[in-house]
Amino acid sequence: MLKTPTIVLNVKTYLEATGIKALEIAQTMDKISQETGVSMAIAVQATDITLCVNKVKIPVFAEHIDPISPGSHTGWTLPESVSEAGAIGTLINHSEHRLKLADIDSCINIAKKLNLDHIVCTNNVLTSKAAAAFKPNFIAVEPPELIGGDISVTTADPDIVSGSVDAVKKIDKNVKVLCGAGVKNGKDVAKSIELGADGVLLASGVVKANNKETVLRDLASGI
Amino acid sequence: MLKTPTIVLNVKTYLEATGIKALEIAQTMDKISQETGVSMAIAVQATDITLCVNKVKIPVFAEHIDPISPGSHTGWTLPESVSEAGAIGTLINHSEHRLKLADIDSCINIAKKLNLDHIVCTNNVLTSKAAAAFKPNFIAVEPPELIGGDISVTTADPDIVSGSVDAVKKIDKNVKVLCGAGVKNGKDVAKSIELGADGVLLASGVVKANNKETVLRDLASGI
Amino acid sequence: MLKTPTIVLNVKTYLEATGIKALEIAQTMDKISQETGVSMAIAVQATDITLCVNKVKIPVFAEHIDPISPGSHTGWTLPESVSEAGAIGTLINHSEHRLKLADIDSCINIAKKLNLDHIVCTNNVLTSKAAAAFKPNFIAVEPPELIGGDISVTTADPDIVSGSVDAVKKIDKNVKVLCGAGVKNGKDVAKSIELGADGVLLASGVVKANNKETVLRDLASGI
Amino acid sequence: MLKTPTIVLNVKTYLEATGIKALEIAQTMDKISQETGVSMAIAVQATDITLCVNKVKIPVFAEHIDPISPGSHTGWTLPESVSEAGAIGTLINHSEHRLKLADIDSCINIAKKLNLDHIVCTNNVLTSKAAAAFKPNFIAVEPPELIGGDISVTTADPDIVSGSVDAVKKIDKNVKVLCGAGVKNGKDVAKSIELGADGVLLASGVVKANNKETVLRDLASGI
C-alpha cells in the first residue's frame, strides 16, 4: 500500500497534464521522490496510465473506476482495465465524479479484489464518516468550494480535516485520511499532518504552476 | 477518414479484449485487413489506445468521449486525451453509453475540431434522422434489443437499416451509415451493404468467438 | 392542441411559484388570457398540477416527464401520472433537465399516445433541427447562456430563432417553434413572432417580477 | 415523527396506484390503521400528494426529493414543494432512485430543516452503517435482488436485517431501521420486528394484490 505520509497529485483532465505532459510531471515527481524519500503518487487519465507506468517508479493511480464487471459497458472505465494497464490504485468518488452510495460500496469491493489501492474522496466530516464504514485504504476529504482555490483547506477550514480524522478513526483506525483543496506548498502539507492527516491530495497547485518542480520540492519539504 | 465499406469492431469492456488481449485482436484484424484489403477499425478501452496504436496500422478508435473541455473533470474522457494517445476516431452515444442531445452536438463539434472520425450510434430510424442534423462522419444504427443477440439486425429488422439509410441521406447525403446488432458473419455484412449501409459495427460476434481470426475472415468475405 | 401564437410560462422550482403561489400565478394568467383572448399556458411542478387544473381554464403543463412505463420507478415522473392529474401537456428536455436522444424519442412517443401536448426544448439551430425529426407538437429553442438573463434571445441572438424556424420547418412544417431565454416584455414577444416563432417560453421574467400581472399584460400586448 | 413499529407502503409508479387509485389505497390503509391502531404511512407520486393528504389521516410521504434549493431546476422534485403539498415525509435514495453520497447528505439536511420525516434506503449492512453517519430518522434496508420478489428479506436474508440494525445502532441508537423486499404478510412483518427492525417498507406485495385490504389487514396483524 501507498506509504504515508504521502503527496498524491491528481492531474485531472488538464491539457498541461495530458499525454507526454502527464509523463513529464510523473518523471519530475519520481526524481524528487527518490531524492527526498518522500512518498508520492500520481493519478492520471486512463489513456495515460500505460504511458507512465513503464517510465516511473512512483505509484500511478487511475482517476476513476466505474462500478462495473467485465462485459457490455462501452466506454466506461473497467477496474480491470486500469489494473492491467499498470495502475496500482485509483481515486473513487472524486468531487468532479461523484458516485451513488451503493456504487461507492461496489467500487471499493472491486478495488479490494483487484488489490488496487483506493482513495475515496469526500466533501465533509459526515461523508468522511459514512465512507469509513466501507473500510477503504484512504479517505481524502476536500470541501468542493475550496477546490482549485487560493486558500488551503488547512487554513480555510482546519476543523474539517481534524474532524474527518477523528470521525474516520472512530469508525476504523486503519483507514488513512488525506486532505485536499487549495493545497499549494510545504507549509500546507506540514499543517495537514499536524492536523492528523496522512498526507494531501492536490491538483491545480502543481499542474497549473509555471515551475512544477519547484512547487513539488516545496510540497515535499512539508513532510 | 475511415475508408468504406468497413468493418468496425467495438471490444467494449470484455475481459477477452482488455490490455494485451485487445492488442492481439487488433493485430489479427490488421493482418486480415492487409491481406484482404478490407477496411477495418477497432474501438478499444481508453487504457488500451496507446498499447494498440503503436503496433497496428488499422485505425484505432476510442469507445467514447465526454462533452468536456480540458480542465477540472477528474476521471472523465477528455477528447484531447484519446486523440493524443493516438486514436484517430471515436464512437459517440453508444447504446451502452447514451448522451444527452445537446451533448451529442458538443461531442461531434469537438471531434470535428480535433479531426477525429466519429461514429454516432442510434437506435432507430428517427434517432438516426435526428443525428444526421449534426452532419457526423458516420451514424451506426443498432436496435438495442438485438445487441449481443443471435440474429443479425440485417435479418431481424432489415427495414431499420434501409430506413435509416434513406432518412439520413435525405438530411445529408455525405453522412455514412453503418448498422449493427447481432452481426456475426460475412452474409450479414453483405446484406448490410445490399441494404445501403456502408459497413457494420459489431462486438460480441468477434470478441466472444473461440476463433476470432476465422470469424474476422468470414466477416471480411462479405465485402 | 395549444392555440398559437402563445405565451408559455415555466415556473420552474421557484419558491415564488410553489404550491398556492403557483395557483395564484395561474389564476392571473387565466384572467388575462380570458380578457385579451391571448393563448397562455403554465408549466408547474408535479406537486402543483392537481391544485391548478381545477381552478383555471388555461392549459396546465408538467415541467417534465421521464421516459418510463408504469411499474417500479420510485420517485420518477410517470407520464400517466401527470396526465391523470390533469395536465394537458408537458415540457420535454428542458435545458435544466436534459434527456438522452433515445429518451427524447421515447418521451415524445409516450406523450403522443397519452395525447399530451409536448414542447421539446433545444439549445441551438442544429438541436432544433434534430428534434424536428420526431415531429413533436412544439420545439422551444433557448440558448442556455441567455436563460435567466436580462437580454432577450430575440435581441441577443435573433438568428437562432429564425434559423431554428427555418431548419425545423424544412424537416416538418407542422412543428411549431417557440423561443425563450431572457424574454421579458411585449416587445420581445412581438419580435419573436416577427422572427417566425409561434410564441415564447419564459420563466424568471414573470416569476421573479414584483408585479406579475403587469408583466403578463405587457407580454400579452405583444401578440 | 412516524410512530413505530410501522408499515410503510411505497406505491412506486404503478398504474394500479396512480391518481384516484393511490387515494383508494391510502383510504384503505387509513381505515385499517384507525381500526387496528397500527402505524401506517403511504409514499405516493408527487402528482398525488395533494390528492391524498386532504382525504386521509395516515402520514403521506413523497417517494423522492432532489438535493436542490428553490430556483432554476425545471422538473426536479423540490423538497419544499412536497412539503407544501402536504407530505410529512419522504423516501431518500430508494433502490430505483439512487443518489450520490454527497447528495444523500444534502437531502437529509434539507429534510431536517423542513421537518420532513425521512427514510433513507440502503442495500446492505455496510451502506446502512454508512447512512447512519447522517443520523436520519429512518434507514430502510432492502437487498435489490429481492425487491419485487416472492421471498421476504426476513426469510431469504435475515442476517442483513439484524446486521443492519446492529451496525446502525452502534453508530447512532436513535436511528430507526425498517426492512423491505419481498415482504408480503403478517408473518414477514412479525419476523422483521423479531429481527430488531422497527417495521417494514413494501410495495408490490400490496399494490399488485387483487385484494389490497386483505393483504393490508394481514400485514397489520404482524404488529
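Note that the chains take the letters A, B, C and D in the order they are written out, and that residue 1 is the start of every chain.
Criterion: contacts are C-beta pairs under 8 Å (C-beta built on N, C-alpha and C of every residue); 3 or more make two chains touch, one makes a residue touch a chain.
This one's a predicted model, so the numbers in the text were calculated from it and none came from an experiment.
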Interface residue identity across copies subunit A, subunit D - same or different by half: same
Chain whose mean Cα position lies farthest from subunit C: A
Whole-Å separation of chain centres (CA-atom averages), subunit A against subunit B: 34
Mean-CA-position distance for subunit D and subunit A (Å): 37
Distance from the mean Cα position of subunit C to that of subunit A, given in whole angstrom: 44
Residues of subunit D engaged with two or more neighbouring chains: 95
Graph class of chain-chain contacts, one of line, ring, star, complete, other: ring
Touch relationships between chains, expressed as pairs: A-B, A-D, B-C, C-D
List of subunit C residues in touch with subunit D within their complex: 10, 12-15, 18-20, 43, 45-51, 62-64, 68, 70-78, 80-82, 84-85, 91, 94-97, 147-148, 203-204
Complex contact set, residues of subunit D against subunit A: 93, 95, 98-105, 122-124, 126-127, 129-134, 167, 171
